[in-house]
């Protein structure tokens, strides 16, 4: 393995520094557009960076009822998981991904790391509001993992059956398949799976209408209640990175085709597609919907996206083609 | 759901409706009840405003050398209710529309409006007395009606003159 | 370097509101400065946060009644340093119209060091934004 190349990929581009800045930029852009949709002038786009800088300079207050070690190490768990995930996802035309096989499952596994970190941190806090928040987080995590798994499986099967024999769980193979056969977005049998994946994104990110664990007005910020200073900065960074990972995953799985050969044009086109995905799944939905209750949310997740993904799975497994 | 799309489209077209306050001025309506301004020349020291003040913000005390009355309004207890302006017989106290009231803790006990109502000597006996303002004189006697200069005398002298000369105007 | 960090940091104060027995008039005005598009305070980088542990600037309204005094002091202790206290409305500054009442413990700066006062009953949202701007300046120097 080329150690220097690997380190550059993991720490600078596209993992590490580039991913952190892009993730914070996406979060800031989301806040700005959300404000403009409500006829307000929003905060400047680089506001999340300023928030992180400020939070890292405040003192960290640890409650007396907290488990000292778990409380301090929990934010690092989510942050490390998301940072690893950013190094795995390929960017078409620039970076070909880290592994050659099985990295789709790695990404699925790493996507649950921030939620687990939140749960560990909340239970280590020892506060009743945190425990309500963490039980809600666990319920909704179990609910959205089901359609997510079905989506990945359907796409892997589609790519696998068209090229070899069985399902291929490799992001670079999926990208290569789309570069030669056209984007999977235009395949009508996979349209339900695309919609199901887009519906899963607000739940994973914790955005209205599914931000029940962090319901600010009900349980005073839920699991993050006892965090301050550097721990809170880590959690906010993880949130930004998660938004980037999900947007990049959508782009890679459904429409990764670049524009020509020059790397700068491909990079800008990739960022533009991420911003489009973020706008339609996060900002627009956030501006229009109210928060759901926890039982409504997990019933919704166990019914609607699962049904859509199952439709696509059946169509793909029987090799049904449209047109 | 489609109604929301129309609202969002309208919002994007209309642009932000924010008044960016510290960077551009935010006009106050004319009748806004803001900080208090006291006109010492029109005040007759009847203590009505002190009596009706809701927050107990107005204090009027005779000064130590008996030359006048100290009038103090502490804005940190003033409710800006306007009762003092409503009940003042000479309209000496007035609420402006200045709403910039934020100040640091060090200025807390200096945040007052302080005036001095000066006493004038009675033209008959020379005792210092609080003068009756021209607006009130006009209200009582009409225009140029104070031919005997009764409004410039202290109450005791006024009583003596009226007793001697009767109540008619001559 | 410290100067540059200080100038960055002052652009993101997070605000927490404590109601120490108030009539909610000042609370309504404080809520409008954040939510209503006309007085949007988020363009200055501020954010109303839901937990005292996330806060930098504390807005306290209401006269400190005897029942709520202990709780206000407990919540105040949970806020990490450096922090700035802003007394909104005339009630925390001097008791307001409830001055000689039997249920008022005392004015706020007998228990907590107050930094900025914003009198008014209730103060106009622009006056509250003025108070927050002064508080940001004081907070910046405490870093």
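Going by the order they are written in, the chains are A, B and C; count residues from 1 in each one.
Just so we're on the same page, a contact is a pair of C-beta atoms (placed from the backbone, for glycine too) under 8 Å apart; a residue touches a chain by one contact, two chains touch by 3 or more.
Owing to the predicted nature of the structure, the values given are computational and were not obtained by experimental measurement.
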The pair out of A-C and B-C sharing more C-beta contacts is B-C
Most central chain, judged by mean Cα position vs. mean of all protein Cα atoms, is C
Relative to subunit B, the most remote chain by C-alpha centroid is chain A
The distance between the C-alpha centres of subunit A and subunit B, rounded to whole Å, is 63
Distance between the CA centroids of subunit A and subunit C (whole Å) is 36
Whole-Å distance, C-alpha centre of subunit B to that of subunit C, is 30
Subunit A residues touching 2+ other chains are 38-41
Shared-interface residues of subunit B (touching two or more other chains) are 16-18, 20
Among subunit C residues, those touching two or more other chains are 37, 40, 43
Within their complex, subunit A touches subunit C through residues 31, 35, 38-44, 47, 50-51, 53-54, 57-61, 216-217, 220-221, 224-229, 232
In their shared complex, subunit A is touched by residues of subunit C numbered 5, 8-9, 11-12, 37, 40, 42-43, 45, 49-51, 53-54, 56, 78, 80-82, 143
As the complex stands, subunit B meets subunit A at residues 1, 4, 8, 11-12, 14-18, 20
In their shared complex, subunit B is touched by residues of subunit A numbered 36-41, 284, 287-288
Counting only contacts in the complex, subunit C reaches subunit B at residues 37-40, 43-44, 90, 93-97, 99-100, 109, 113-121, 123-124, 126-131, 133-134, 138
